[in-house]
Amino acid sequence: MAQLSYRDAVAAAIAQEMRRDERVVLFGEDTAAAGGVFKTTVGLFEEFGPRRVKDTPISELAILGAAMGAAMTGLRPVAEIMFSDFLACCWDYVANEIAKTRYMSDGQISIPLVIRTANGAGSRFGAQHSQSVENWAMAIPGLKVVAPSTPADAKGLLAAAIRDPDPVVFFEHKSLLANKAEVPEGEHVEPLGKAKVLREGKDITVIALAAMVPRALKAAETLAAEHGISATVMDLRSLVPLDAKTLLAESARTGRVFTVEENPRLCGWGAEIASVIQEEIFGALKGPIVRITTPHVPLPAADQLEDAVVPSVARIVAEVRRGLDSRRAA
Amino acid sequence: MAQLSYRDAVAAAIAQEMRRDERVVLFGEDTAAAGGVFKTTVGLFEEFGPRRVKDTPISELAILGAAMGAAMTGLRPVAEIMFSDFLACCWDYVANEIAKTRYMSDGQISIPLVIRTANGAGSRFGAQHSQSVENWAMAIPGLKVVAPSTPADAKGLLAAAIRDPDPVVFFEHKSLLANKAEVPEGEHVEPLGKAKVLREGKDITVIALAAMVPRALKAAETLAAEHGISATVMDLRSLVPLDAKTLLAESARTGRVFTVEENPRLCGWGAEIASVIQEEIFGALKGPIVRITTPHVPLPAADQLEDAVVPSVARIVAEVRRGLDSRRAA
Amino acid sequence: MSVTQKAHSAQRNQEIPEATRLRLFKLQVEIRYCEKRAYDLFLQNLVKGTSHLALGQEAVAAGFAAAMNPDDYTFCTYRGHHHTLARGAPMLSVLGELMGRQCGLMKGKGGSMHLTSVAHGVMGSYAIVGAHLPIAAGAAWSAQYRGTKQVACAFFGDGATNIGAFHEALNLAAVWKLPVVFCCENNMYMEYTPISAVTAVKHPAADRAASYGLERQVIDGNDADVVYSAARDAFAKARSGGGPSLIECLTYRHSGHSRADPAKYRPKEELEEWLKRDPVTLYRNRLLASGVAEGTLAKIESEAMTKLDQATEAAKASPTPSLESAMSDVWADGGNAWRN
Amino acid sequence: MSVTQKAHSAQRNQEIPEATRLRLFKLQVEIRYCEKRAYDLFLQNLVKGTSHLALGQEAVAAGFAAAMNPDDYTFCTYRGHHHTLARGAPMLSVLGELMGRQCGLMKGKGGSMHLTSVAHGVMGSYAIVGAHLPIAAGAAWSAQYRGTKQVACAFFGDGATNIGAFHEALNLAAVWKLPVVFCCENNMYMEYTPISAVTAVKHPAADRAASYGLERQVIDGNDADVVYSAARDAFAKARSGGGPSLIECLTYRHSGHSRADPAKYRPKEELEEWLKRDPVTLYRNRLLASGVAEGTLAKIESEAMTKLDQATEAAKASPTPSLESAMSDVWADGGNAWRN
């Protein structure tokens, strides 16, 4: 096992897949010589050269359009959209073209590509560079949606995404990039669609994703140490495919479920998951499912303001306690 | 009261507002001389002339960008995006610019505009011209989201949207355009954010929007006549602002809630509403909230296939019955 | 047409091998007949959704298709029946798709606006204006990367030149020197609006070629020989590493924009003028003038009609697709499961 | 510079009233000092988010701002400090915003990339490349509609010319003859990539002007007189109903793309060459040569520094914004409620 940062794990996954499959190509704005503005593609240009690792103009439509055209005709492109906020600039490709073309063509056309993008808050970049938009992608039929929380998953899930025969939107969280942890050496591939139970508890089930996972874990420690509340913490890892089995089993076990999500509140992935849980194991629930989310506001830039809106460890703890205490609604 | 079609009611609302407010302008592709491809703007060019009613190039970015720039500087633009699917082509404006600029500017900038767009299935136009994407808009903080189901609401709510000081995405449902019904003559404005209970029942509460409203009503009749199930049917009319009060009260009254939505399943508005309901009136629920949705697939073109996926009266009836019968989960 | 132009065009026609010229004629006839049939099928309510006919634009499709290799890639718009047929997709599968039948190219899942026949190099028809231009560039990049000498070709309308994707695709294609040919079918209208009313330049595509370091090309899109020659040169250039081309073909659609459109916004004389320049008639007369026997042409026509009639009957006889197919092929595994 | 060019430029300088020339100098000095201070504040960790300095590009901001009327509209990118200051936004409010303080232009809600000061005509800074070009066109349309003679001006980089919004905005502005001036600050790089590596033409903006029926204009963006003259003419044209202009200013940023960037990708000689053409030094020398007293310039400089020092201290002393403000002004009613 080697210690790798999340950003290095991303580069390692791409390198691993480019070595084994000549069809894999990487491109985006400043991804080549510069190694990416987040330094997640460092070394790839040097190893694989300008034919396989390319810089593009600021043309998000052309980036995803070209990725799609290449994927339909035999390549396995990994396209970078620098910030996930910019998916809005090429949403037609994400939602209308890449996601739907296999279906519309009755399976004649395959689109094996990965859209990598830097997601989430923490860098004080303001409302147009800090969003969590994994719920946008989840809402579109035909897309797989992956968001790792650890360096090992960044490597293993990205490798799997590149091998996947379907389009995958891969969210790399900006505030996790510098995190270092053990990553299996040699070939490492994690199957898509498996959630991970990181902590077993008996009172509540906390379901989190990406940067909310370490916060949920810390909150669980505080809840155990200071409030005697024993929490299961689960990392969803992918929204599509969704590991509903694990999700439902872990939810049923405690009967009290909390989702922790960074996307703004309305129509977030937490809403979907809460709806699935209440619909399928209604009888096992001992109280309402509580969604802990960023409120439904754009993101402010100043550090104190940003910290005030994105779910923090303290807020998770507080909302869990309030959720367990109150029987207002019940 | 006059009998008006839904499409004529749209034109009537715009005419009403253009007469009273010189700042209101209308534009989009083929909206002027041609009266719109859905004939929802017929007569406006003739009445208000080329200065106030304009045709644009096929430039969705420029349409919404120009609408925003005009709204920030004193006009009240009504911009048409021909099919709601094409919102994907200008999603940056919807999600990142129009929705967020008031907030980012700390209230210095106001953006009073309406984005009108033809939403929904029923015309056999296939996957890129039939989508219901009201959930996309609901997921974005800073947007109001309105979707009328009747000619009277088309007129009254559109008038209110044009008067509203905030950006409103106004979904006109393609399959309702030909429907005729009574519309109040003279000035007609309906406040945004009020749901409407169309039918009072005691067993279940059915919550619907736009084209799903008439289907829910028919389903309620069948349920009453053939299955002895008495249903409340509620037309949400706007997703933001959401009339949570009415929603919760009507849900609590029966304890069994069904949402009927046309958008694809994952992260639809039904998920949000189900989450709110279960979180706030958990104790009043007698069983799980059931979402009746289009499945999570792109839309097929052929008539039988399209009819097979969008919730039909028969499917609403069947899913309600199944929801009430089964206690699988409970 | 001036005398020198006439001589020039007759000469060009003679330079094209007779087999190719007969093929250009045949393709135009087949498209013309099939599009008219599609129209008849609407009237019989056998085509349910919308449909965008290319009546009057047959020469563009024939000229380009005749210049392509079988493994080249075609990317169409919603107005794509002509290009799909020209690449060899069977009439049965095209009409079947319009009618939403099991025999359709995509078994009714795509419909008229999304005709796709990968077996014939038709990599899809795209209903969002301009979206396929970057996609075609990507296919060209793939061909370049794989070293296959394939060329991608995207067809689009005059109206599409004002959308951002046009600009981004052209720039990327030029910078990466991609083997892609962009063919603008300038039929003077974007839906119901004259293109001149919404465009800053006279020639919406050609007058922008310089923005991408490309040559300005405006050609007579109703003359199959002219189209064929220009296409052949552009494909040759692309295949030999010379990069993209942008060709603006001047043409006209004889019918309305789509099924719903009676096209009342067009001056009567304009339509009449263009009907005089009907590409099929024009080409028929040219072949006759160049010595091809009337009987040869009549045979092509009657064979096309026979083929079409058979296809029509077979399509009508084809069952509607199984309802299960509405749920299939979201994913490569054939299914639609988003959860376990 | 050739002898005739030198003579020409000296002449142009003389044609500009002295008060304007002193204003051009003052604006450049203030921007230069304030941007340097912003950099120092990063180093002290008082600016938390990112920041994109315009050191080296002061002449563009000064030249344009000096040519504008107070009620004209400015639309900036994330690299917008210079334009915001040039229109008269106080240093305190600009630095305060960078530092996320209550005194900031938007009380910390927008940050460095979104500077907005409607009172000074700064209608926002936009962090999505190219997005503000159509918005500026819309503001120009509104001015045209209201008959106010206001002009909108959008500043953007060389890299922005390859995005679709550029194309759509320019076409619409040309078709509607809008009173808008598009100013491309060509500083040769889009982030870390030379613009030449990703653009089909040499001059990313000017070489595309013809696509919109506009005149090709490439000017020396480091010469405030040149910029001022070009801007003045473009604004006059716009105000008199002559429609849009597109001006490409050749310039260079002295520092990296953003706070995080040491700019190692740039050839050392290139930077040195451009530092020799520092707009502030260049303009100072020109004023001296044209007879302005050293003392006049020194006074402008010392006053700027005093103003800046006061602004810096005041900004440091300003409290951080109340946490409630994170929840305010989603809607026009000041609140954020999406439900009753």
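For clarity, chains are labelled A, B, C and D in written order, and residue numbers in each chain start from 1.
What we mean here is this: contacts are C-beta pairs under 8 Å (C-beta built on N, C-alpha and C of every residue); 3 or more make two chains touch, one makes a residue touch a chain.
Keep in mind that what you see is a predicted model, and the values were worked out from it rather than measured.
Visitor: Could you find the chain whose CA centre sits the greatest distance from that of chain C?
Guide: So the chain farthest away from chain C turns out to be D.
Visitor: Decide which interface, A-D or B-D, involves more C-beta pairs in contact, and give its chain pair.
Guide: So, comparing the two chain pairs, more contacts are at B-D.
Visitor: Please tell me the distance, in whole Å, between the geometric centres of chain C and chain D computed from their C-alpha atoms.
Guide: The separation of the two C-alpha centroids amounts to 46 Å.
Visitor: On a C-alpha centroid basis, what's the spacing between chain B and chain D, in Å?
Guide: It comes to 41 Å between the two C-alpha centres.
Visitor: Express in whole angstrom the distance between the two chain centres, defined as the mean CA positions of chain B and chain C.
Guide: Once rounded, the distance between the two centres reads 36 Å.
Visitor: Going through chain D residue by residue, note those that touch at least 2 other chains and give them in order.
Guide: Correct list: 107, 109-110, 114, 126, 128, 162-165, 168, 171, 175, 197-199, 325, 330, 336, 338.
Visitor: Counting only residues that touch at least 2 other chains, which ones in chain A make the list?
Guide: In chain A, 56-57, 59-61, 85-86, 88-89, 92, 96, 103-104, 126-128, 141-142, 240, 266, 296-298, 300-301 touch at least two other chains.
Visitor: List the residues on chain D that touch chain C in their complex, please.
Guide: Interface residues on chain D, with respect to chain C: 162-168, 170-171, 174-175, 197-201, 207-208, 210-214.
Visitor: With touch defined as at the start, can you tell me which chain A residues reach chain D in the complex?
Guide: Interface residues on the chain A side: 29-30, 33-34, 37, 55-61, 85-86, 88-89, 123-129, 266, 295-298, 300-306, 308-309.
Visitor: Touching chain D in the complex: which residues of chain B?
Guide: Listed in rising order, the residues of chain B that touch chain D are 25, 51, 54, 56-57, 59-62, 64-75, 77, 92-93, 96-97, 101-110, 112, 141-142, 165-166, 193, 240-245, 276.
Visitor: Flag every residue of chain B that touches chain A in the complex, lowest number first.
Guide: These residues of chain B touch chain A: 85-86, 88-89, 91-92, 94-96, 99-100, 103-104, 126-128, 135-136, 138-142, 240, 263-264, 266-272, 274-275, 278-285, 287-291, 296-298, 300, 327, 329-330.
Visitor: For the complex, give me every residue of chain D touching chain B.
Guide: Contacts found on chain D: 73, 105-107, 109-110, 114, 116-118, 123-124, 126, 128, 131-143, 145-146, 150, 152, 164-165, 168-169, 171-172, 175-176, 325, 328-334, 336-340.
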